[in-house]
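I have placed the structure first, in the form of structure tokens, so that the comments after it can refer back to it.
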Amino acid sequence: MRKARADRFLDSVDASVSSTFRSLASMILGDGALSAREKALIALACSVALRCEDCTRRHMEQARALGATREEMLEAAAIASLIRMGSGLNTAAVILEELDDSAAR
Amino acid sequence: MRKARADRFLDSVDASVSSTFRSLASMILGDGALSAREKALIALACSVALRCEDCTRRHMEQARALGATREEMLEAAAIASLIRMGSGLNTAAVILEELDDSAAR
Amino acid sequence: MRKARADRFLDSVDASVSSTFRSLASMILGDGALSAREKALIALACSVALRCEDCTRRHMEQARALGATREEMLEAAAIASLIRMGSGLNTAAVILEELDDSAAR
Amino acid sequence: MRKARADRFLDSVDASVSSTFRSLASMILGDGALSAREKALIALACSVALRCEDCTRRHMEQARALGATREEMLEAAAIASLIRMGSGLNTAAVILEELDDSAAR
Amino acid sequence: MRKARADRFLDSVDASVSSTFRSLASMILGDGALSAREKALIALACSVALRCEDCTRRHMEQARALGATREEMLEAAAIASLIRMGSGLNTAAVILEELDDSAAR
Amino acid sequence: MRKARADRFLDSVDASVSSTFRSLASMILGDGALSAREKALIALACSVALRCEDCTRRHMEQARALGATREEMLEAAAIASLIRMGSGLNTAAVILEELDDSAAR
């Protein structure tokens, strides 16, 4: 596999910054109340939500290495897309609030 | 109406910056190949797409002042939300590309 | 035309999910209070606002197929870019609010 | 609980749009290869990744109703924040690519 | 000053995660090739670029504590807003690329 | 250097729009309370924060032309990535606010 771009950046900055970021990532993505496998699927979905293709590739590889199936990964990605739409609907509701406000004046 | 936050910022920076930004906005939002009314609806939809509540309020007022109806505004906002989901689906497709790549290796 | 990435994803997930998403998109983008042509221009602008290149290509093709001109498409895209800046100006105003708050203390 | 803003918007648009969106959401968030409980945690993380407070509240309630614990929810939210940083690091790597390019010229 | 929301979250998660994140932030924001004062202004601008109001408040306080002036802070925030528009213009250019492609076919 | 995409778009729209945008950019990025060099580094960091690769390339070239060093550019980019995470942590705190609210009921 080609070296991920984020890794290339981390290898170029101050060594204490990279090692601290990598520790942080290991802590957040390692087994805890949620398993590393569940966390990898969450990381994959967040990568899609943020529309980061490099991240999607990385966390997908991680998820597969931990046993996630194709179906689980596709379902996680669909959730990410849905939340993108849902978040827009919440902002769209501002229109109704303004219409009410002006009707009440 | 309370003064919009963007206006408050513009009133506080260098006067040439504010007047240039305001000229730019007038040019981009004024009648052209598209009418100012169509443009206000597009601006409203983009405000929802970007999830900016202040912008949504501002461009909604503008759209109404130019004769846009409630139904037109709600339809524009629904499009914005839909594109948020569609953009996520394009990133989600990276998963399939990676699965193909690894199957081909 | 190459198959759009979003379509590839939809073709890979559960068939009821894809057909429901496609129905939703047809309803939201079809003729209503706004014409399908006006909606395609709004969808194009939202694609630019969200910085989704795949979406920009798709909705631009749709807009052209429905008769939108080059000038109309460029104007819609300029609005999207403007709203991106305007949304930043609203957040920038937080600086002034904080300066006021601390002056008032 | 107060009515969520997204629901208010959906209740105001064409009934076929709302019912189709709600069907889509039910399909994507219901039991599948992943359980509804796992999906609610993924939806919660995506809500944080997208910085949507209304969404965070909604999917958190859903996650709790399906038995997710405080620790699981906090872990999911931490992943979302981490991926936000990781996605920035991938873009930051562009700087190194450009430095290489110019050194090679 | 009220406790920042990010701090409240960090105080609630695993202590090793919070202390590692805080170390990372100190390293990245402390004196280096750029001074802590220059970095605080950069952090402020990035907060505006990302439209995070809590972040804007926090990094503005930091910038002021390190001696940044009102004018410097407003200039940094204006840059953030400008880059938001510039980034949209890059995506808008996709329209021209597609028009060329179809003219060439 | 190949022509930047944003420039190609600007060269295709109404000449008064392009020249006004370019004036605005010159004013915002020119010497002021902050030097053009400091501003170029801020613009670079905002480009990374917004994950715009074209912008990162452009503002990096600008920063280098004004004398910014590799170390300064990498430090600015690391700040951008950090603020992306910090902004997520502020949204994550919504979970704690909701847990408190429901405990208080």
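By letter and in written order, the chains are A, B, C, D, E and F; residue numbering begins at 1 in each of them.
Quick note on the criterion: a contact is a pair of C-beta atoms (placed from the backbone, for glycine too) under 8 Å apart; a residue touches a chain by one contact, two chains touch by 3 or more.
What you are looking at is a predicted structure, and each value in this text was computed from that prediction instead of being measured.
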Intersection of contact sets, subunit B vs subunit E, gives A, C, D, F
Comparing which residue numbers subunit D and subunit F contribute to their contact, where sharing over half means same and under half means different, the two sides are same
When centres are defined as mean Cα positions, the distance from subunit C to subunit E in whole Å is 24
Subunit C to subunit F, mean C-alpha position gap in Å, rounds to 21
Distance between the CA centroids of subunit A and subunit D (whole Å) is 8
Residues in subunit D with touches to at least two other chains are numbered 9, 12, 17, 21, 24, 28, 32, 47, 49, 51-52, 74-75, 77-78, 80, 82, 84-87, 89-90, 92, 94-95
Contact graph of the chains (line, ring, star, complete, other): complete
Listed in rising order, the residues of subunit E that touch subunit C in the complex are 44, 47-49, 51-53, 56-57, 60-61, 70, 73-74, 77-78, 80-82, 84-92, 94-95, 98-99
The answer for subunit E against subunit A in the complex is residues 14, 16-17, 20-21, 23-24, 27-28, 32
The answer for subunit C against subunit F in the complex is residues 51, 74-75, 77-78
Note: in the complex, subunit A contacts subunit F through residues 9, 12-13, 17, 52
Seen from subunit E, its contact residues with subunit F in the complex are 4-6, 8-10, 12, 21, 24-25, 28-29, 32-34, 38-39, 41-43, 45-47, 49-50, 52, 54-55, 58-59, 69, 71-72, 75-76, 78-80, 82-87, 89-90, 92-93, 95-96
